[in-house]
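In what comes next, subunit A is part of two complexes: it sits with subunit B in the first one and with subunit C in the second one.
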Partner chain A sequence: MTFFRLAWRNAWRKPLRTLLLVVCVTVAFLIYGLTASFLAGSQGAAGGSDDILGVMSAAGRSTPMPQAMMARIASTPGVATVTYTTRLRGFVGVEKNVVSLTATDPAALLAINGRELGLTAELVGSLGAARDRVLVGRALADAQGWTVGQHVAITAFRMARQDGGRDWRFEIAGIFEGGNASTDTYFMIGRYDYINTARARDKDTVDAFILRPRDGVSTSELVARIDAAFANSASPTRTQSEKQFLEAFLRQYADVGLIIDLVVGASFTTLLLIVVNTMVFAIRERTFEIGLLKTLGVSRRRILSLVLGETLLIFLVGGILGLALARLGSGIAGPTLGLVLSLLVLAKALALILGLGLATGALPAANAMRTPVTAAFRTR
Partner chain B sequence: MASLIRQTLVMTRANLLSLPRRRAISLSMSLSIALVVMVLAGFLSMAKGFEQALKGTGSSAVAVILGGGTNQETGSDIPPDVVRSIAAKRSDLGLVRNAAGELVASREIVVPVDVRHPGDNLGQTMALRGMDLSGLSLRDGVTLSAGRPFARGSREILVGDRLAHDVPGFGVGDTVRLGAVDWTVSGHFSAGGSAFESELWADLDAVRAGFDRQGEVQTLRLRLESPASIATLRDALSDVTETPLVITSETDLYAGQSGRTSDLIRLFGWPLALLMAVGAGAGALNTMMSSVADRASEIAVVRTLGFGRMAAFASTWIEAVLLSLAGAAIGVAASWALFNGWQASTVGVNNTRMMFQLAVTGDVMTMAALLGLAIGAIGGALPAIAATRRR
Partner chain C sequence: MTDTNDQPPYIDLKGIRKGYRIGAEMVSIFSSLDLAIAGGEFVAIMGPSGSGKSTLLNMLAGIDGPDGGQLRIGGKRLDQMGESARSAWRAHNMGIVFQFYNLLPMLTAAENVELPLLLKPLSARERRIRTEKVLDLVGLAGREKQYPTLMSGGQQQRVGIARAIVSDPGLLLCDEPTGDLDRKSADEILAMLGFLNKEMGKTIVMVTHDPQAARHASRTLHLDKGEFVEERSAA
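On to the complex of A and B.
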């Protein structure tokens, strides 16, 4: 009987017990996989870029700035391209169904953020035909069931039209896919000139400028330079990277990171408690056999690896099963949750599987190693 | 029957007395159940606290009029002529009038403002509410806890107690920069922990001027003669304008806002707790299996002595339930000690920060404890059946 076969046979001597342990491990890693992919997904800040800077009013997101500031930003040394955006938040049909539209100069957006958003020259070109055309993100289009060519009406929360109404009508010119799975595509892109002409107030103002620095320019220096340029103007600015902005924005909703750490911590503690104790119990049952192996001259190290191998096996089977289920779950969770099980998450999970497996096996293995042969035979 | 009960009692007692032999594994079962109970209690108390903060907000004797077909303050817009024509109505509106025969009314707007502290990246977005001076008298259950109310037309703010307590820089007399101008904190108010306490209150005209909202009115608050007279008001205003008006009581306005967020928290918490329960259930099953294995010879002896299958089943199952009961009790006690009153905040309906306290109430504790018990009851049943098969 080979060594591996022995470990395998040991693991399955009580199939139900081993199966239950595998279930425990599976559940813990399923929870880990799901929560980690939530953080890595489009709801987390992982999709934000460090290279793209946003300039907002220092007074807050909701305070508009004059569009004329763009010339001064564009001429700041180190800025490659810059454009302006205004957000139109509203709902479609029922008030719970919130959507948002980013009104901008699409050609400039393509140059700055095209790769990240999955914009192509073709898509942007299709906006040219009429001013009320919009591009819709894949996640939003799927959630609403929209198709290209459809006309949609958004009722704005705040932005009123000149005629007093709040209903804005758009025609969908195309759908953009997002650069990768963790890109947030739950919004649409429209033309600033259309919104700006038709709105009742705040004309010629924008909510934010977005820019891409020149290659090799330090973003932190550029941030300081832009904010210093407007420090004593009528509208002081606040510049930060897309990623910083998203992180701070998410923290307002809840300290998501802390909650997830606590839940994952609790589930791993539960798992460790159960597995360690069960394994200690399982090994104690085998004291006699281990004594026998020792008498037969099997080295202490082999006995150690026998027990460690068994727990590791349980962790590997359970952990991989859990991650597979998490992958499946993130696939069916739908675009609104936007779960992404990234390679980094997988790598971390694998490290956890190995680490926890070894840590869990250590106590029972040490017990087995320490048992003197005479004591072992007395158990029979 | 009596002998069955006696047999069960004897065997249960023997089981419990043999517990020290399986101390570690039994403890791990109880503790894992306690952790599951705590996770569920944590999420449920969060949802509960959020609901409590909103449900305790407002008064049913105050009517709120929203314009533009919306039922939220954001996005509501009442044209100035509508406000004037309501004020000019002399017929019976079911509303309280002052000595001069004018309606007790407050025109209000809510502006989201960013409050930033040195070193903090993006400030927190808070709700700044501009109101007429009569707005203060329209808030039932609100008392001034420090300082004095804002003065008419000046840039002064009243700060909710909870906000003042949580966020530094809002002491009475402090200067805060909101938007492009500085505001002075004139006082604090207490509203019994309700959502009002997360707001900043200021004079309507000062807010309009500071944020370029000249002439805007989002909501109109009016004092009702009695909660029932809201129907009279609805009838009287049905033909006042072509703009669709939503007339609701203040209580309903806030209670309606709690549903979505608290549902979302529960939607997040339940699956997580249930998943963990599956894991802990597997652990419970294992623990009880080892308990049965540990007592294999004892069970065989008493069965030979003539003890029934039922007694063997009941004694093992009772042991499992007692262990999970202990776990649930630890979990409930720990979550009450840790979570109850914990300050939390999230983004409320005006897209502004809303603070609330986690509330570990009776039904939260019951629900979490029941889940813990269910783990033990279900996880203990199978090993208990196994115990009856022992010979």
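On to the complex of A and C.
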């Protein structure tokens, strides 16, 4: 027998009640685990980099800019490397099966963003054999069931070919894995020269320029310098870091972070109220026994620890179960939904488990600690 | 009430005052209670309901304090101790046997008995040995893993006694220990208390309504309206 065992036995005296509390905590931490994984994953802005800058038209993301602007951007002091991209959005088979292709200079992209995307010289080299070759991200390849060497067709939403059709055919030359689990790999990388030659309109234009600043250069100063250089041109620019871009992109729909905070906050508040209420009643039912323990010489501090230990146990069992389910969920749906249950998320969740366990136990524990033995004995 | 020995009393109450506030009214239980019990005595306290027996027992157990006077047990002034100090004192110096046993239903007999030992610096092995020893002493060897709900009243009270003596306290307070038992079980429990008093030297204070139970004590005190009105020693 130990006091831990006593707390454990107390916690499971009414198995159904405890089980329901554990389920309650499990669901709350499952929600927390999945939403926090979403934020930490590529669907959130956390996957974006502050070191990579994107230059887009100030008129909007879909407004093309002349490719010729690249020379001026490249010569801007502080720019290490730069390349251009054009996005081809379309679908495979059915319209809801949306995919996108980033048409670029793959060798330049390797220099700028190769590490983050998991690109290698061999992968980029494999695009050289034919202009219609593409690299497919791991998440997209897994979701579509594509393999290297396979020919795929994308029906573009807007970008028409010179022949009037909108079907673009590609050969998969390789699959890039992403630099880490949070990297968005649900897209393809293709050659700009192929797309540019074959498309009917907007030739020699790009959707964005991507650049990496030189080491030690302030990104905010560089942003201001580039935008100032094009401020009075025919194509004014808006330069942002990749992270800022992702945040702005997500905010087009809603403030995802705020929504997630509200959902998690609401679920935790509800959880807290349920558990506090249940624990207060559970401890009140045992007032007599708490008086008995005090009579045996158990100190007020130990009574406090016993009750806090009981709520902590419920939170630990439920919380760890919830996080395990969230880990399972992010493992299964992670590549497609961009869920990453990182160590940081787990550490925060563990801190929450401990914090909430102590917070919910505080009121019943304080009540138990304060109750005089004589008053406790009158409850039978 | 004083004991007859010349030794300083083990339990020494002088001028104890105690009252309770009921609404706006203050109800006095004891106005000036004196009591002396020598070490190793077996004292029964009898009296009608409301005479102050339970209040007296609560004060002797240190779970309620007097409003005035001196309460000394084993040379220690309980009336001057704070709650934490009284808790620690209880854990080491006193065991209580209750009328309704008050065992924790989710613990086995052995675990119930072991509870007070958790407050002592003993290893798990030492705790187990002492638990088995007292369960054997009260005649419950082999029933260590049985839950109280599966035991008879007499067996539960034996577990209660084992729990009260497992930390080897000098003082045993018994609150109607046979009040919930049939005659046969009651006699067994009283015989056990007599054994603990005579063979192990425990000082026992027993509150009871049962004159037959009181006969097992070496001295019987009658309490009425907060005062001792009669004293009878065993022949």
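Note that the second predicted complex is superposed on the first by the 378 of 380 C-alpha atoms of A that agree within 3 Å, B and C clash if a C-alpha of one lies under 4 Å from a C-alpha of the other, contacts with A are read in each partner's own complex, and residues count from 1 in each chain.
Note that contacts are C-beta pairs under 8 Å (C-beta built on N, C-alpha and C of every residue); 3 or more make two chains touch, one makes a residue touch a chain.
These figures come from a predicted structure and were not determined experimentally.
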| item | value |
| --- | --- |
| Subunit B versus subunit C as contact partner of A:Arg300, first or second or both or neither | second |
| Between subunit B and subunit C, more extensive residue contact with subunit A | B |
| First (subunit B), second (subunit C), both or neither touched by A:Val92 | neither |
| Subunit B versus subunit C as contact partner of A:Leu292, first or second or both or neither | second |
| Partner chain in contact with A:Ala362 - subunit B first, subunit C second, else both or neither | neither |
| Partner chain(s) touched by A:Val276 [first = subunit B, second = subunit C, both, neither] | first |
| Subunit B versus subunit C as contact partner of A:Ala74, first or second or both or neither | neither |
| Contact residues common to both interfaces of subunit A (with subunit B and with subunit C) | none |
| Subunit C-touching residues of subunit A, taken from the complex the two chains share | 1-3, 5-6, 9-10, 12-13, 288-289, 292-301, 372-374, 380 |
| Complex interface listing, subunit A residues touching subunit B | 14, 16-17, 20-21, 23-24, 27-28, 30-31, 59-63, 95-96, 156-158, 160, 166, 235, 240, 244-245, 247-249, 252-254, 262-263, 266-267, 269-271, 273-274, 276-278, 280-281, 285 |
| Residues on subunit B engaged by subunit A in the complex (per definition of touch) | 22, 24-25, 28-29, 31-32, 35-36, 38-39, 42, 68, 70-72, 74-75, 77, 111-114, 121-125, 177-180, 211, 260, 272, 275-276, 278-280, 282-283, 285-287, 289-290, 293, 344-347, 353 |
| Parts of subunit C lying in touch with subunit A, wherever the complex brings them together | 58, 61, 63-64, 83-84, 87-92, 96, 100, 102, 104, 106-107, 110-111, 114-116, 118-119, 124, 127, 163 |
